[in-house]
Amino acid sequence: MSSVPFELLQLILVVVLAPLLTGIVRKVKARLLGRRGPALVQPYRDLLRLLRKEAVLAPSASWLFRAIPYMMFTAIWLAAAIVPTYTTGLMTSRIADLIALVALLGSARFALALAGMDVGTSFGGIGSSREMMIASLAEPAMLTVTFTVALLVHSTSLPQISEFMLTQAVGIRVSLLLGLISLTMVALAENARIPIDNPATHLELTMVHEAMVLEYSGRHLALIEAASMVKLLLYLSLIAAIFLPWGMGTEQTLGWAALGLGLGSYAVKLGTGAVLLGVFETSIAKMRVFRVAEFLGGAFLLGILAAIFLYVSQGL
Amino acid sequence: MLTALGTGLGLYALASGVGLSGRRRFAAVYGLSAFAAAVIAIAAATALAEAWPAESATLPLGLPWLGAHLRIDTLSAFFLLVVNFAAALISLYGLGYDAHDAEPRRVLPFYPLFLAAMNLVLVADDAFVFLVSWELMSLASWLLVLATHRRDESRSAAFLYLLMASLGTGALIFAFGILAGDSGLYDFAAMRAAPLGAAKSAAVFALALLGAGSKAGVVPLHVWLPPAHSAAPSHVSALMSGVMTKVALYGLTRLLFDLVGPPLWWWGVAVIALGAITALLGVLHAVMQHDLKRLLAYHTVENIGIVVIGLGLALAFRADRLDALAALALVAALLHVFNHAMFKSLLFLGAGAVQAATGERDMERLGGLIRAMPRTALAFLIGSVAISALPPFNGFVSEWLTFQAIIEGSRLPQWLLKFEVPVAGAMLALAAALAAVCFVKVFGVVFLGRPRSPKAAEAQEVGTAMVAPMAGFAVVCALVGILPIAMIDLLRPVAALLIPGSGDALAGSNMLWLVPLDPGRSSYSGLAVVAAVTVLALVLVAAIHRFASARVRRAPAWDCGFPDARSETQYTAGSFAQPLRRVFGTTVFAAREHVDMPAPGETRAARFEVTLKDPVWEGLYRPIGQAVSLVADRLNVVQFLTIRRYLTMMFAALVLLLLIVAVSQ
Amino acid sequence: MPVFATLTYDTAHLLDAGMLVVSFALLYQRRLFGVLKTYAVQALLLSAAAAWQAHAQAAPQLYITAAVALIFKAIIIPLALHRIIVQLNIHRAIETALGIGPTLMVGVALVALSIWLVLPVTAASGALTRESLASALSVVLLGLLIMITRRNAVSQVVGFMSLENGLILAAVGVKGMPLVVELSIAFEVMIAFIIFGIFFFHIRERFDTLDVHDIDRFRGERP
Amino acid sequence: MNPVLFILGFPGAAAVLLALLPDYRLAARLNVAASLLTLLASAVPFIHRPETTPFLLIDDFNIYLVALTAFVAFTTSLFSARYVLHEVEIGRLLPRYLRFYHAMYQAFVLTMLAALTANNLGVLWVAIEGATLTTVLMVGLYRTHAALEAAWKYFILCGVGIALALFGTILMYLAAEPVMGEGLRAMTWSELLPRVAAFNPALLNLAFVFLLVGYGTKVGLAPLHAWLPDAHAEGPTPISAVLSGLLLNVALYSVLRFKMLLAANPQAVAPGPLMVTMGLTSLLLASFMLYRRRDIKRLFAYSSIEHMGIITFAFGMGGALANFAGLLHMTMHSLTKSAIFYAVGYISQIKGTQRIAEISGLTASQPVLGWALVLGVVAIAGLPPFGVFMSEFLVLTTSFARAPVLAVLVLAGLLIGFGALVLRLQGLAFGEGTGGEKVSNAALLPAFVHLALVLAAGIYLPAPLVSWFQTVAKLLG
C-alpha cells in the first residue's frame, strides 16, 4: 500500500493540530487561575485575523525580514513532520535523524534571530541575543540526550528509536529518566515557556522570544506564531516518540486500522502533555534571564549523566 | 597528474617572478595563479574520481645523496584539490581586491610563492622536501602578513607567527629525525618500511601533534593564529585560514596515519581531548571578539578542533581495529577539511569586501550593509549558515558525520575512550551551538540593522571580480550540503589508502541519502530537506498572497513605543555577546566589565570597558616570555665585564677542560 | 755514557724547576719593580735552559733562541717596562684581585693539576720527561694566573710573558722541534706589540683604565 | 710552479705595494684587482690539484675553503672600495689611514690563505697569529675611544688564546716525535695523519685541550668569545665582514685539523663532548644575548657566535651527516654573514647610526637595501630554501636520534636566537621608513651574489663539493 496519503496526512496533521494544542494549554492555565479563558479554537481565529491584515514594515527592514517567516515556518513544519506521530513507517521520518532534526530547528532559530536584528532596534537585539544564548545551551543539552538514546539503540533515526522502545524490553532505566527530565527542560526553554520565558508577556526587560519578533505584524506575525505552535507540538511529539511510543503503528502495519489506534493514542498523549504543561506553568514562577544558563547547564549535565549511567547499567 | 603539478608549479614560479618584477602587474600574477591552481585542482579531482594510481618522481635537488622525492597518492590528491580549488577562486578575487590593497607590491611576489609552497608540502615524499616546503610556506605567509607592516600589531602578529611556525618546524624535524633514524633515511618510503618501537612511535606522535598542531592552531598552540590571519590582506587571510591550516592537517594526517605505523589507543584519547578543547575555546574566543577578521580567525581554531576530533576518533577506532568506523571518522574529518576551506575562504573574502567597501574591520562601526551590498551579504549569509553547521549547507554534513562517528564511540573497548567520546561530543555540540550564536551576531551586526558609522552608511557593493568568487564558494557550500555524495565519492579512495581493510566508506550513500553505516540506522537527505522546504515555502507564499493578504505598509519601527532614529540605540556586537560573556567569559577569560559613570553634573561621557584575558596566554606564553627576558637580562652582564674578568673566564674554561681530561684519563 | 746522560737530564731538570720556582716568586711579588726583576731572572733561566738544550741536542739554532731570550727578554723588555713605569708615573704597588695567600694556594693546585695531567704521559717521550712537561705546563698556567689576579697592566703583561717563557721552555725541551726560532720570534713580535700598545694607549694602571662603563654608555649598549 | 704560491703571492705582493701607494682611490681599486687575481689563482687547484709539499697542502678539506676565502675577500674588497670612500667623504677616516688599511687588508688575506694552505702546524700558528695582529690594527682604525678599547680587548684575549694554541702545537709535536722522529715531518700535517694512531693518547688529549681553547678563542666560542662582539662592532664594516666571514672559519678549520688527528687515534679521549659542550654554551649564551643588543653590528656579531656554536656542536656530535652539516654550515654562514654585513654597512652609513632603535622601515625607505637585509637575516635564521636550513635540518635530525636532550637544547637555543633576530629584523626592515638616500643596486651586488649562492646551495649542491664534504666528514670521525 502506498504510503503517500499517510505522508500527506502527517504533514497536514501537525499544522492543523498545533493551534489546538496551544488552545488547550491556554485553557488549562486560565482555568487553574480561576478565569474562564478563551475558547479552544481562539488560536485559529487569531491566526486567521493576522493573516488577513496588512504587514507593516520598518523602513530599515531588508528582504530577509520578509523572507524569514516563510522559511522558518516551513523548516519547523518539516521538522514536525519528521517526528513520528501515529506511525513509525513514514519515509518523511528518514529525511533527518534526531541530530539533523535539532539542526533543522537550529536553522529556523538562526533565521528568526537574524530577523530580530534586522530592523536595528534595541529590543530586537535583546531578544535575539538572549534567544541565541538560551539556544546555545539548550541545543547541546538536547544532543546529549540524543547520545544517550543513541548509545542504547545504536541509531539516531527516530522511527528506529520508537520501534526499539516499543519492541525491546528496555525497562525503566535511570538514564532514560534523566534523559526525559533533560529533554523536558530543553523543551520548556525552546518553546519559550515559563520558567524560561513567558509567551504571554510584553514586559520589556524580561521578554525574550517576544522581543525578537516585536517588529512583525500581519501575515508575517501569523506565520511566526503558527511556527511557535507547531514547535510546541513537535517537542511534545518528540518526547512521546522517544519515551512513550505506545500505540504507534510501524511500517508493516501501515494501514487504516493501525491509523486509528495511532491517532487515538497520539491525541491522548498530546492532550495529557498540554494539560501537564498548563499545570506546570501555573505552579512555577519565571526565573531571571541569567539563571537560565544554570537551568540549561543542569539539563546539559543531566544529559551527560544519563549517558554515563547507561554505561554503568550496561556494565560497559 | 605530475605533469599538471609541474605545469602548475611552473606557472606559480612565473607569477612570482612577474610579481617580483617591480611594476604592478597584478592581473598577470593573480591570473596566472588562478590558472595554475585550476589546472592542479582539475587534475587532482580527476585523479581522485578515476582512482589513478600513485605517481612519484625524484628530482636531483635537495639533499645531494637523497634527491627530492615527490609523490602523489590519493591523500595528496585530495588536499591538492582542497588547496587549489580554494586558491583558484581566491586568486580571482585577488584581481578585484588588488585595487583595495594598501601596498600590493608587498603581496604580489609572495602570493604565488605561498601557493607553490603549499602545493609542494602536499607532494613531498621525503622529510627534507617536506620541511623545506613547510617552512617556505611559513616564510611566504609571514612576508604576506608583513604586507600591512606599518601597523604595529601586524608586526607583532607576524613575529609571533613566525616564531610559533618555527617551533612547529623544529618539532617536525625531530619527528622525522626519529623516523629516519641515525642513518638519515629521510624518504617516506624508508620511513614506512622501518618499524618503530612503542616509545619511539609515541614520541613521533607527540612531536607530530606539536609540530603540525602549532601550524593548524590546536590549543594551546593557537595564540598566533588569530592575530596573524587577521593582519594579512583579506585574500591572504582567506588563504591562511581556509587553506594553509589544511596543509597543516595534511601534515598531521600524513604522519599519524601513514608514516608512523599502527596507532596506540591512547593517541586517540589525547587527540580527541585536544580537538574538543580547541573547538570550544576557539568558539568562545570568537564570541567575545568584535574585530571581524579576528573573529573569523578564531572560528578557524574552532573548526580545526572539529577536524581534530574526527582524526582522533579515526585513530582510536583504528587502534582498536574498528576499521569501518575509523573510515567513517576519517571521511567526516576530511570532509570537514574541505568544507571549512570553502566557507572560511568565503567568509574571509566577504570580510575583505566589507573592508574594501568601508575600510572597517571593527564590527561596532558597521551595520546595514545588506542594502548597499546585497550580493556580498547573500554570499556571507550562506557562509555564516554553513559554518554554524546548520542544514542545508555543507558544514552541517561534515559535523553530522562526526556526530555519527562519536555515537559509535561506545564500541571502543577502553573505558577512558568510552567516557571521553560522549563528553567530546557534548563539547562539540556546544561549540556548534555557540558558532551559530556568533554568526547571528556577525551577520546581524555587520549586515543587518542600521549603519553605525558614516563609512558604513556610504558603502557600495564591490565589483564583480570580488563577488563572483564569493558566489562560487557559496554555490559549493550549497552543493556539498545538498549532494554530499559528490565529495564522499572523492574521499573513499583516501580512506581506503589510510585505513586499509576498511572497505567502502559510507557504502550505503547515494544521491538522495547520506548513510554513515547501514541504511536502517541513521540517514540524512539534504536534497529532500531543501526540496521540501522550498516547495512548502513557495506553496505557502502563493497561498497567503492569493487568499489572505499581500499588502505591505512602510512605517517607523515600533520598538515597544520607544523608537529612536539614532543608530547608536541598536544592539551592538558587545551587547549581543553580553549574556554569553556573563555565562562563560567570567570563568574562562576572567572577563571584567568596568563602567565609568560620570557624577551628576559632569558633562563627560560615560565609559564602558570590557577586559578579557586569554588563559593560555597568561598561563603559558607570558611566563615563557618573562623567563627568556629574565635570563637575557641576567646573561647580559657578560657583555659588560673587564678584560681581566674575561681572561678569568678563559682561564676557568681551560682549567675545567683540563680537569675533564685529567678525570677521563 | 750513562753519567753524562744523567747530567744532561739533571741540568735541564734543574733549570725547569728553577723557572717554576721563579713563577711562584712572581705570584708572591707585591712591588712592580720586584716583578720586573723576578721576570728578568726567569728569562735568564730560560736562556740558560735553551742554551743547554742547544748543547745537549746539538741543535745550534737553539742558541739563537737562547740569545733572543737573553737580550730581548732578560734585558730589553724589563728595561723598557721600567722606563714606561717611570715615564707614565705608574703606581708601583701591585693591586691584587685575590689575596697573595689564596693566589699561592691556587698556584699549588695548578701545579698539582699539571702533574696529574702529565702522569699518563710515559717516560718514553724522549728528551722532555714527565717532570719537565709538568713544570712547563705549570709555568704556563701560573702565568695565566698572574694575569687574572693582578689588576696592574704591567704585571699582567709580565704574567703573559711568563706564560710565554713556559711555552719556549716546552719548545726548546722537545727534541729536534723545528721552527722553534721562528715561532719564538713571531711571539716576540706580539709581545712587542703589547708593550707598544701599553705605551700607545697610555694604559697606566690597568687594562680596564679605558673605563668600560663609560664606553658602554657611549656605545649605547648599557641598558 | 705550485699554484698555491700564486694564491699566497698575490696578496703578499699587493700588501707591500699598497703600503707604498699614497693615492687611496687607486689603492681601493688595486685592492679589488689584487683580490680578483687571488680569486682567479684560487680556482687553479680545482683544475690541477698541486702536489703536497712539507709546507703547502691542498686537499679536499681546504680546496673549497681557499676558494671561499678568496671569493669573500674579493667581494668584500668590492664592498670595501665603496664603503671606505664614503667614510673618507664624511671625514670619519683620513686618507693616510686608508693606505695602511688597504695594506693590512691584503696582509690579512695572506694570513688567512696561508693558514688554510699550511701543511705545517707551526706555519699554521704563525699565520693565525699574523691574522690577529693585522686585524687588531684594523679594528682600532677609527681611533675612537670605543674602537681602541675593542681593539685592545681583542688583542689581549686573542693573544692569550694564541699563546695557548702554541703550547698545544708544541704538545702535538711532543706526541708525534717518538713515532715520527725528529724534524719537520713531525709537524707536517699530511705526514701525521696516517700515523697518528700510534701517538701517545694522553699527550694528544692535553694538546687538544690547549688547541681548542687557543684557536677556540679565535672561533669565538663561549666563554672565550668576549672580544668578538666589540671587535665586529667598532671596526670598519668590511672588517666585520671578513672577521665573521673568514677569520672565524679559518680558526675553526684549525681546530678541525686537530680534531681529525684525535679522531684517528682510537685511544684518545673523544674530542666530541668537549666541542659539544662549548658549542652548546656558545649557542645558548649568544641566543639570549641577542635580545639585549642595541647596536646593529654587535647584534650580528653575536649571531656569528651563535652559528659558530652550532657548527662546533655539529662537529662535536660527529658522524657523517653531522660533519657534513657542519662543513656546509661553515660555508653558508661565511657567505651569509658577510652579505649581511655589507647591507649593515650601507645601512649604518645612510642612517648615520648603528643603533637599532634609530633605524626602521628600511624596506619602505630603501627597498633594495631593506630586502637585502631581510633576505640575509632570513637566510641566517635558518629559513628555507637557504642553505643554512639544510645544515640545521641535518644537525637536528641526526643529533635527536642520538642525544635527544642535547638536540632539544640546540633547538631551544636556535628558537630563542631566531626570535631575537626576527624581532630586530622586523623593527629594522618594516614599519614606517625614516628617509635617507638610496643605495644603488650595483653596490649591493656582492650581497646578492652571496645570497644567491646560499639560496642555490639550499636547493642544489654540486657533486664535487658534496664528495669533498663527504671525504672530510669521514676523516673528522
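Chains: A, B, C and D, in written order; residue numbering restarts at 1 for each.
Criterion: a contact is a pair of C-beta atoms (placed from the backbone, for glycine too) under 8 Å apart; a residue touches a chain by one contact, two chains touch by 3 or more.
None of the values given here were measured: they were computed from a predicted structure.
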| item | value |
| --- | --- |
| Length of the shortest touching-chain route, chain A through to chain D | 2 |
| Pair with more cross-chain C-beta pairs in contact, given B-D and B-C | B-D |
| Distance between chain centroids, defined by C-alpha means - chain B, chain D (Å) | 43 |
| Cα-centroid distance, chain A relative to chain C, in whole angstrom | 99 |
| Whole-Å gap between the CA centroids of chain B and chain C | 68 |
| Centroid spacing, where centroids are CA-atom means, of chain A and chain B in whole angstrom | 35 |
| For chain D, residues that touch 2 or more chains besides their own | 152, 156, 160, 164, 202, 206, 292 |
| Sequence positions of chain C contacting 2 or more other chains | 117, 120, 144, 147, 207, 212, 221, 223 |
| Chain A residues counted as touching two or more neighbouring chains | none |
| Every chain pair meeting the contact rule | A-B, B-C, B-D, C-D |
| Residues of chain B defined as touching chain A within the complex | 367-368, 370-371, 374, 381, 385, 388-392, 396, 400, 403-404, 406-408, 410, 415, 418-419, 422-423, 425-426, 429-430, 432-434, 436-437, 439-441, 443-445, 448-450, 513, 520-525, 528-529, 532-533, 536-537, 540-541, 544, 548-549, 551-560, 562-564, 567, 569-572, 575-580, 582-583 |
| Touch list for chain B against partner chain C, complex | 633, 636, 639-644, 647-648, 650-651, 654-655, 658-659, 661-662, 665 |
| Partner chain B, residues of chain C touching it in the complex | 97, 110, 113, 116-117, 119-120, 141, 144-145, 147-148, 151, 156, 206-208, 212-213, 216, 221-223 |
| Chain D residues touching chain C - in the complex, by the definition given at the top | 120, 122-123, 125-126, 129-130, 132-133, 136, 145-146, 148-149, 152, 155-156, 159-160, 162-164, 166-167, 170-171, 173-175, 177-178, 181-184, 186-187, 200, 202-203, 206, 233-234, 292-295, 298, 355 |
| In the complex with chain D, residue positions of chain C that touch it | 117-118, 120-122, 124-126, 128, 133, 137, 140, 144, 147, 160, 163-164, 166-167, 170-171, 174-179, 182-183, 186-187, 189-190, 193-194, 197, 201, 203, 207, 210, 212, 214-215, 218-221, 223 |
